[in-house]
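Okay, here's the structure, questions in a sec.
The first chain written gets the first letter, and so on, giving A, B, C, D and E; residue counts start at 1 in each chain.
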Amino acid sequence: MAPMRNILPVLTVIAAIVVIWYGAAVWLNAQWVLDTAARQDREVGAAELVMETWSQDKPQLPAPHQVVTELWQTTVEKNITSKRSLVYHAWVTLSATLAGFGLGTALGFALAVGIVYMRVMDMSVMPWVIASQTIPILAIAPMIIVVLNAMGLSGLLPKAMISMYLSFFPVVVGMVKGLRAPSRMQLDQMRTWNASKTQEFFKLRLPSSMPYFFTSLKIAMAASLVGAIVGELPTGAVAGLGARLLAGSYYGQTIQIWSALFMAAAVAAAMVGLIGFVQRLTLKRMGMN
Amino acid sequence: ADELSLQLKWVTQAQFAGYYVAADKGFYEEEDLDVTIKPGGPDIAPVQVLLGGGADVMVDWLPSALAARENGAPIVNIAQPFKSSGLMLTCLKESGIESPEDFPGHTLGTWFFGNELPLYSWMSKLGYPTDGSEGGVTIQKINFNVDPLLQKQVDCATTMTYNEYWQVIDAGLTPDDLVVFKYEDEGISTLEDGLYTTEENLEDPEMVDKLTRFVRASMKGWKYAEENPDEAADIVLENDATGAQTEKHQKRMMGEIAKLTAGSNGALDPADFERTVEVLMSAGAAPVITKDPGDAAWTHEITDEALD
Amino acid sequence: MRERGTDRASHNKREHGTMTGSAIIDARDVSLTFQTNDGPVHALRDVNLQVEKGDFVSFIGPSGCGKTTFLRVMADLEQPTGGDIHVNGVSPEEARRQRAYGYVFQAAGLYPWRTIGGNIRLPLEIMGYDRSVQAQRVKEVLELVDLAGFEKKYPWQLSGGMQQRASIARALAFEADILLMDEPFGALDEIVRDHLNEQLLALWARTQKTICFVTHSIPEAVYLSTKIVVMSPRPGRITDVIESPLPKERPLDIRDTPEFLEIAHRVREGLRAGHAYD
Amino acid sequence: MWIVLGILAWAGGWALNVWLAGRARSRATALAVPVIFGLTLIFVWEAAVRGFGISPVLLPPPSAIVAEMGTSSHILWEDFVQTVIKGALTGFVIGCAAALGTAIVVDRFDFLRRGLLPVGNFVAALPIIGIAPILVMWFGFDWQSKAAVVVVMVFFPMLVNTVEGLRDTSAMQRDLMRTYAAGYWTTLLKLRLPAAMPFIFNGLKLATTLALIGAIVAEFFGSPIRGMGFRISTSVGLLALDLVWAEIVVAAIAGSAFYGGVALLEKAVTFWHPSQRGQG
Amino acid sequence: MRERGTDRASHNKREHGTMTGSAIIDARDVSLTFQTNDGPVHALRDVNLQVEKGDFVSFIGPSGCGKTTFLRVMADLEQPTGGDIHVNGVSPEEARRQRAYGYVFQAAGLYPWRTIGGNIRLPLEIMGYDRSVQAQRVKEVLELVDLAGFEKKYPWQLSGGMQQRASIARALAFEADILLMDEPFGALDEIVRDHLNEQLLALWARTQKTICFVTHSIPEAVYLSTKIVVMSPRPGRITDVIESPLPKERPLDIRDTPEFLEIAHRVREGLRAGHAYD
């Protein structure tokens, strides 16, 4: 709750990671530098070697500053409507993510309510919900896209569906737990007041599930983003961070891959942070913190 | 205008310049067609898109098209703009490979999805086992890039004359560091980018008419691209939505592509077809096609009409 | 599970009950057995009890003898496995639907996301009271339990004893005919307890509610009740029902009178009989 | 015809389940209800494929998948060993053990906790499909790189859960240890680890599904010529969808069994937790 | 936060304390202020108290007056923000390391993953007792609190009162010089409570432990103690320390003697002074 206190530790950890990263870059990229030099009959000194490992075009592991430079060039220095702007691609992915997140949350919520209130659903659906998540989505994503395409759905929606497939699960699990969080006594109280099912839901079960709800939302948001990216791969590398990752991988553009990765993580972190903010506001209004 | 959609086998690049040029130069419009070009990628099986109704016609390679046909997909080749194969095996000279005799004991990386079959058939012709046993080679599946070769995870890797080979060069290796074996030269070449549609479409006269006009305009695009490679590359770049392509690479690619389309007027040469089938069926271990698909897998109906 | 009239005392009481037609709570041979992994637990066996309108009934008995369970049966929170129980002449379920109960649970059980005021307002909202009536009631009961000024605080900002008082206020806020209170004054010190005892008696005298009250304190039971029910465990049964001869008007120092001490003695003896020690 | 049958089967199966669920809860019904639900679903699928005449290269009927599982059982087994046993299981064990160890270290040093967890959350948000190719590049084509991907995937959920669990002791429980003058390790062993178990199992359960998905997905980015991910990705290209779905079925069964196993273990270890006692 | 010797009474007591060299607990001007969001809460202010070896000290006072806080300070679970406190002549921390304390918390706080036997064995394991000794001790204390036969049960299989007894047994199982007990008999009925009171007195007489005991029951405090500490809230301070003239040997009916009633009266008056009512 007090982000300020965390800044020093976070900076320390980041600094440590950056140092390790530079070291790893030297280690992983050195072979290539040495081979190139050998082919060119050139000797490289230690300093030269290090500098060259940090400035390759297609390194095995790009150095942090290379990624940062690329990020800078593709976000700040490009018009955000340009196809070469990472902001543009991030937006494409984000819109599918948000759509999938919304759908997934709604579906997960509905299923959870059904499971909590209907015994049949509790017994029959839950095992299959779990089984559904053991299916490798990357394998069936192309088929989903094709089938939806055949049904005349294209563009944002197919991606959102895959996003939904990944994001409804954490919501179901979390909300079932949350809606069942009220103690026996709290439920009994409602009974003595002869509260209706709706009253019980809105005045007891829903408020008690709030902490679980927000935790699930955070996980679901991260899952949605992965879903949107997975969904972008088989729509034909057109646009979005997924397409960017893919294109980067065909052409061995590791720097481009890493910057797309970081952009994705930043988008996820921002969205999760936003949910956290809403969570704090809500819980504060509910007097819980 | 009549709507028609085309599913490509790969991402937007000069490999498909003919179609982009035809669209950009208005050749499709002249034929009263409104063509949507859908880029592909490694996770897209164009056949699925075609059968699912997401496209009317697709670009595919004959090996995977035949494999799909044997698995119950009623698809037919209607035109073949690419005459020769751009596939080759690129090896690092430092690994000691200079000729096919040197293969044993080395790891050969290849793309799968049917692309591995010519290689298997070559190895069986050479008499090398492919299970990594003594005196044989190890076959490794690699993805559609050249990293495994650059990082020496494999000694040889499949590349296209127009794309991956140049990525190796761009990475800093010189042609002198490499040894290449073109499939075309080794007698294991298979037909690449052809145009395919479903049997159902071919029974529909209206569709046949549309496809005819499409093939005609596309071939016009191809010939234009061959003659104006730089302009064609620019058009391709224009259409790349990922923003990941570079001008240098696309211009070079266009030049190489022109060599592959050169010998074709768009009609499939039945001899090439027979050769492809033969290569695929002699692949040994796990052939993807087990029986001769016969002439039903291709038709001259469209090209005859279009190119008369 | 059901065992009928094998016991002389309960048989007698049953007849007695039948004669008074106005019994607001009328339990006949009520038994309740919990099925657990270790086998059945007989929480109640052949419990017979008649409570008249306006009675103040205390339940006293060793831990685990079934006091809470019996309260829960009355409130339709638990189904008896044998016997009959009627409340206001109808089944407990029907009575519950008519919102006949105000229940104070053994633990406070306030909703942490509602303020003290909001917690007390909750049953009023559910029962559809007018907004203005709600505000009025909340104010009244908060004063009754000495919590005026704490309306806007959240439960965790109060000490344990204050929370318990808030939960009492919540049960008093709406017009329930029957108050069921399960050890409501457990965590309070003697002085506060005395004070609340007085308040409760005043309220009872004023409203003519019927009150069922569980306590571990013998003086408290004697001081408050018109009827003291002594229970013994395993299986839970009623061993004694003492009708109090004390007047309705009870100052605190009534606790030093011989009548009071006599009743207390009788309760203590009854209680002792239910224990293992000598 | 098939469509009507499908609708009938759906209605029938659901009605049967409603009836079963209404009866007393027992081991048999707890098992029967989901099974009936699943069978109904599969039948509806079969009926839909036949009824609507869906091409087998888009969605094969369950009967074809089962037949394929019979004929290709040796391939399925080989792939299962490669992906699940070598890749997923190794990665799962290494990843969870590493996370547990790290959690204890992180928990010991508050500075690390406050620094590492936010950064960890960021790193955990890196999409797996971006990381997999890189790890394949570093660790080679064989199962080691799959295990590495699984390690990366399970590490943070496990870490976060464990750290949270280690902090989930009540003040009184900790104070009790203090009055015994119990040292750090004693407290860890006798109080905090047992108390953390429900959280640790939450992490483990999440990790089971992640491990399998991770191992399969990683194979899409490079693998020897066997493995479930390899088979799925190459077979899609050849439109051998029967085989693809057969692999998916194996994955789902393996995943559910893995999850079920961990859930059983959880029941045995955290029998004392209210969430476990509630269902009796 | 720290305010020194402004108060006459506490000054006197301090001098008194200095004279007795054997004080096992020696608190001088102890203050404790909690910093909360709403501002500081003065839980304890200038508390002075000397406890001799073998004393049985009861703490009594309204809810929230700092009884628990003072026990926690003694046990080094809370650091005073002012004043000094010594236990056995050393700091509370040092005493804690020497395992001088047996602490019974206000709530039972048994570990749910251990059986009752396992819970009682826990401190013995930590302190490295022999296995055979462990088993012996567990058996003994279970009998002491009447829980023989429940060794293999888990906490949630017991009623609230039984859990509380198990937690008392846990504190008695090892040889602590000082027993700190925070409302240990809160949820028990009178009979069990009397019984456990007797047992506790017997144990105390036998072992010469020093016991600090928090209770809300005046008779209990008077019956058990050699010294009764009355506290008042906001800020928490000691308002009276009563040395009991009752003999060490105390049958239950000592509670009807005039001396007893007189002490009880004095305690009640002290307690009443700390309350708002009249």
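Basically, a contact is a pair of C-beta atoms (placed from the backbone, for glycine too) under 8 Å apart; a residue touches a chain by one contact, two chains touch by 3 or more.
The model shown is predicted, which means the values in this text are computed figures rather than measured ones.
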Subunit C and subunit A - chains in contact with each: none
Shared interface partners, meaning chains that touch subunit B and subunit E: D
Chain pair with the higher count of C-beta pairs in contact (B-D, A-B): A-B
Taking each chain's C-alpha mean as its centre, the one farthest from subunit E: B
Label of the chain whose CA centroid is most distant from the centroid of subunit C: B
Euclidean distance of C-alpha centroids - subunit C vs subunit D, Å: 50
Subunit C and subunit E: spacing of chain centres that average the CA atoms, whole Å: 32
Geometric centre distance via CA averages, subunit C-subunit B, whole Å: 85
Rounded Å distance, subunit D centre to subunit E centre (Cα mean): 51
Where subunit A touches two or more other chains at once, by residue number: 60, 138, 142-143, 146-147, 150, 233, 249
Interface hub residues of subunit E, defined as touching at least two other chains: none
Touching two or more other chains - residues of subunit B: 45, 48, 52, 143, 147, 151
Chain-chain contacts as defined at top: A-B, A-C, A-D, B-D, C-E, D-E
Of all residues in subunit E, those that touch subunit D in their complex: 72, 75-77, 96-99, 101-103, 105, 107, 109, 111-113, 122-123, 125-127, 154, 156
Partner subunit A, residues of subunit B touching it in the complex: 8, 11-12, 38-45, 48-49, 52-54, 143-147, 150-151, 167, 170-174, 177, 240-245, 249
Subunit B residues touching subunit D - in the complex, by the definition given at the top: 45, 47-48, 51-52, 64, 67-68, 71-73, 112-114, 139-143, 147-148, 151, 153, 288
Interfacial residue positions of subunit A with respect to subunit B in the complex: 32, 36, 39, 57-58, 60, 82-85, 89, 138, 141-143, 146-147, 149-150, 154, 233-234, 236-239, 243-244, 246-253, 256
Subunit A partner contacts - residues on subunit D that touch it in the complex: 14, 17-18, 20-22, 29-30, 33-34, 36-38, 41, 58-59, 111-116, 118-119, 121-131, 133-134, 137-138, 209, 212-213, 216-217, 220, 228-229, 232-233, 236, 241, 244, 247-248, 251-252, 254-256, 258-259, 275, 278
